[in-house]
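Please find the structures below.
Look at the two complexes coming up: subunit A is in both, with subunit B in one and subunit C in the other.
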Partner chain A sequence: MSRLLVACFVVFPFIGLFLTFPTSLTWDESILNTVAYVIVVGFVNVWLGMGTAWWLLFTESRWKSWVEWLTFLPLFIPVLASMFGMYIVLAQIGFIGTYTGVGLVLLVTTLPYSIRLAYNAMYVIGRPLLEQTLTLTPLTRIVFVLFPLMRESVRTIVLFSTVIVLSQFVLVQLIGAGLVPTVTTRLYQAYAGNDVSLALQHTWVLVSLPVLLYMGLDALFSIWIRLVKGRLQ
Partner chain B sequence: MSRSSLWFSLFVLALPFTGVAFLIYETVGFDWSELNEAVWRTSLAVTLYVTIVSTVVSLVIGTWLARTVYMKRSLWLMSLLKWPMFVPHVAAAYLFYLLFSGGFPFYGWIEANERHHLVVIFTYVWKEVPFVFLMVVGTYGQLNHGYVDMAKTLQLKPLEQFKVAEWPFLIKPLLDSFWVLVAFISFAYEVPALLGVTYPELLGVLAYERLTTGLFLNAFESYAVALAWTLFIFSGVIASYALTAKRRRRIERGVRR
Partner chain C sequence: MSLVLSGIRKRFKDRDVLRGIDLIIPNGEIHGLVGVSGSGKSTLLRIIAGLETHDGGTVTWEDMPLDGVPPHLRRITMLSQSPLLFPHLTVGENVTLATPNRSREEAEAWLARVKLPGRYDAEIHELSGGEQQRASFARALAAAPRLILLDEPFTNLDPGLKSELQRLIRDLVRELELTALLVTHDREEAMLVADRVTLLETGYVRATGTPGRLSETEPTFGDFVELSGTFYPTTDIDVSTEPTSDSLVLVRPFSRFGHHFGEYRRPTGEYVILPRSESFKVGETYYLRQKQGGI
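Let's look at the complex of A and B:
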């Protein structure tokens, strides 16, 4: 019974998606920007997350504990608070109001989670198994061993980074100086303008993007693993 | 591969610390008594209330669900709990806004945009429970069931069984989750801006509004609040990790004889 109640609590907010008809989807700059940021930030997160986690697991260095703390501590800095500081920093180097500036701060907010997820996944797979791949070239190691083994973690990293990117309004508005429209910034404008249908259309986009990406990655990994397994025969 | 990505990661991860350093630089000479306004005080109070209630409720429900899934092998519940993770905070806030802004007469006793911030808390709990669940369920997966069996053999009460056989292993994931959630909820804009009220506002909303209105004339107030809040959370993190260090190390490495 209690589990059923929890299930109802999980499902019930989705009713909101069907309360009003959303306006028909029109492709504009905000959607293109959002999709581009999601893909680029997701890709860079997988690359940096796995690379840094690999270094933390396999490299003996006297700086290791410092690096561990440096990757861990940003999780405890409130994003908005550090954003105020980064606003001052990026203003000094002319990154305010640019796509690069927004991309960089989106990376700052997502990377600590990705490193932790990748590290935990590699730790669970275990050092002995991963050590056997050390003799391979980096590309072979990634294509034939790491990615197939870390299928679920890669999907989780992409999901986390996508959802965090899609959640950011202040960050994009502040660092983008209002010049970088995304679906999230448009949602706030529609909300402030009391346009429920338009706001709901943006909400649909925000919910659909992570789901589509997650399912797409699953299909891609299935094909990938089938191809890798084919080499065994 | 790993070295180049490490350097790039270090560059990216250094940015928030540089940001905090610049906040310190900007607030040198700031008159801190300016923050002793009623608006900031009420904002602090309501922020603490929303943060603590949302975090504690999320931790309790998330841990209970992880335990239930682990004990009863409830795979369908595990899959269902992933659903909120696909919804960005801002979209979740808008869905709750639609449901609780008068559209449903049944919910008339709880409204969006009311001063008790109940819908803000609901939204955070809905979004953060799966996060806590994921943090804790891994620990339950690795838990040595022998401890629970031993506690049962000694005929301890269920609460005592939990206390001796499970709780010591949950300290680390719960401590991590607690501070991640506190840092996230206490100084955010998106959810409280959609579902909160204009007075009292949560710290993140008030700080952002003070920063961006009036040609950045009140920017130093916002910088000071951001800095003070970051340092407050950092002190809490360091103190709680230092206080539990001995116990956590003992759990991770075992007792040396």
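Let's look at the complex of A and C:
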């Protein structure tokens, strides 16, 4: 019974969407911007998240605890507070209302979580096993061991950053100053203007992107692992 | 051409783990590093492998200073207590990954050398602990190292498997003319496997020498009985359970290093250890730790 109840709660928000599937999808700037941000922010999160987690795991630097503290600081401070600080800095260097500024704000919001996710995954795999990869060249280490071994974490990082990118409205409006349209900003305009057709279309983009990305990553990792194993046969 | 450690120092927070280690290990030697927990032996191994930095001193291997050289450029491999095989790869793929040419044939040959023929496609979890350790050893050898570091690789194995693997590793390291550094807290193991042994104590080298010499000169090293090829199998020795004026009495049979031994009491009351099977190789020397009243 409880499972049925949970299933109802999960399905409930989507019932209306499934009943009104848009017949056509118009690609506009906001969708392209959103897709571009999802790809770039996801890639940078995986790259920097795993790189920083690796450094934190292996470094003997006496600055380690400071870096760790600074990296995880955004996890403790409300995002809006830290973003307003960022707004002031970006305004000084002329990044307000630019694509770079919005990209930076999305990165700063997601990266601490990605580092934490990657670090936890590496911690669970264990330093002794990861040390075994140190006798391999860096490229072999990443291609043959790290990515296949951490595929679930990589997928979580990408999906997490995707969902954040897709759902950020206030920060994108604040830093983008209304000049950088994304699906979310369009969606709020559509809601405010009662444009149901436009709202529906963008809502479906919000739903489809993570699902497609999930399936895409699944396929990518399957191919990747098959190639790795094929190379070792 | 050798491994030269000169004045190696390492400090963890407020504790000096290594306080100036000087050691020369000639090529082709199996060298034992013996010491109690916390004496710095594993840290020293990790410094040589490049997994840990040191605060002072130099590590030189085959006339090349290793300071700052990343682990993958050192041609040194390390075998740990746990097998540490990559779980997303099969047994053979783990070995192939380590071979310089990514060759399956080469990996299969290595697996056969460690007595795992035909297990290339086996998943890691299908292997027993001892088999996993053997696969791990195959992977370490497949990387074509000149120096192999053994960090208590026999610790988690049961006694029978332990002696089998000890002999396998010793024989293969000798056959391939590698240099090996074995870290162990088990002095008997060092006596069996190593050509020379260094006794580490709280970050210092207390003594270095052959196992036989150390057992004579270092009281802390332990009291060992030397069994060498001059002992003959006991098949023709008069052994009985009832003592007579000239017979030996079998007190307790036992096995070590895959050989069968017997602890006997002479009519005069003293105890002797003699081999009980033909598998004991003439010319080889074994050391057994002596306890009160026998082995």
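The rule is short, and it goes like this: the second predicted complex is superposed on the first by the 228 of 233 C-alpha atoms of A that agree within 3 Å, B and C clash if a C-alpha of one lies under 4 Å from a C-alpha of the other, contacts with A are read in each partner's own complex, and residues count from 1 in each chain.
By our rule, a residue touches a chain if its C-beta (ideal position, glycine included) is under 8 Å from a C-beta of that chain, and two chains touch if they have at least 3 such contacts.
Predicted model, so just to flag it, every value in this text is computed and none were measured.
Using the contact criterion defined above for the overlaid structures, shared-chain residue A:Thr140 touches subunit C, although it does not reach subunit B.
After overlaying the two complexes on the shared chain, residue contacts for A:Val154 are found with neither subunit B nor subunit C.
Applying the stated contact rule after C-alpha superposition, one finds that A:Ile31 touches neither subunit B nor subunit C.
Within the superposed three-chain model, A:Glu60 lies in touch with subunit C and out of touch with subunit B [touch as defined at top]. Once the two complexes are overlaid on the shared chain, A:Ala121 sits clear of subunit B and of subunit C alike.
Between subunit B and subunit C, B contacts the larger number of subunit A residues. In the superposed model, A:Val180 lies in contact with neither subunit B nor subunit C.
In the superposition on chain A, contact of A:Ser167 is made with subunit B only, not with subunit C.
In the superposed model, A:Val41 lies in contact with neither subunit B nor subunit C.
Annotation: subunit A residues 138 touch subunit B in one complex and subunit C in the other. Contacts from subunit A toward subunit B in the complex involve residues 2-3, 6-7, 9-17, 19-20, 47-48, 50-52, 54-55, 58-59, 67, 70-71, 73-89, 104-105, 107-108, 111-112, 115, 120, 138, 142, 159, 163-164, 166-170, 174, 184, 187-188, 191, 196, 199-200, 203, 206-207, 210-211, 214.
Residues of subunit C touching subunit A in their complex: 50-53, 70-72, 76-78, 80, 82, 84, 86-90, 92-93, 96-98, 102, 104, 143. The part of subunit B that touches subunit A in the complex is made up of residues 1-6, 8-10, 12-23, 26, 61, 65, 68, 74, 77, 80-81, 83-92, 94-99, 103, 126, 138, 176, 179-180, 183-184, 186-190, 193-194, 204, 207-208, 211-212, 222-223, 226-227, 229-230, 233-234, 237. Residues 60, 128-129, 131-132, 134-138, 140, 144-145, 148-149, 225, 229, 231-233 of subunit A are the ones touching subunit C in the complex.
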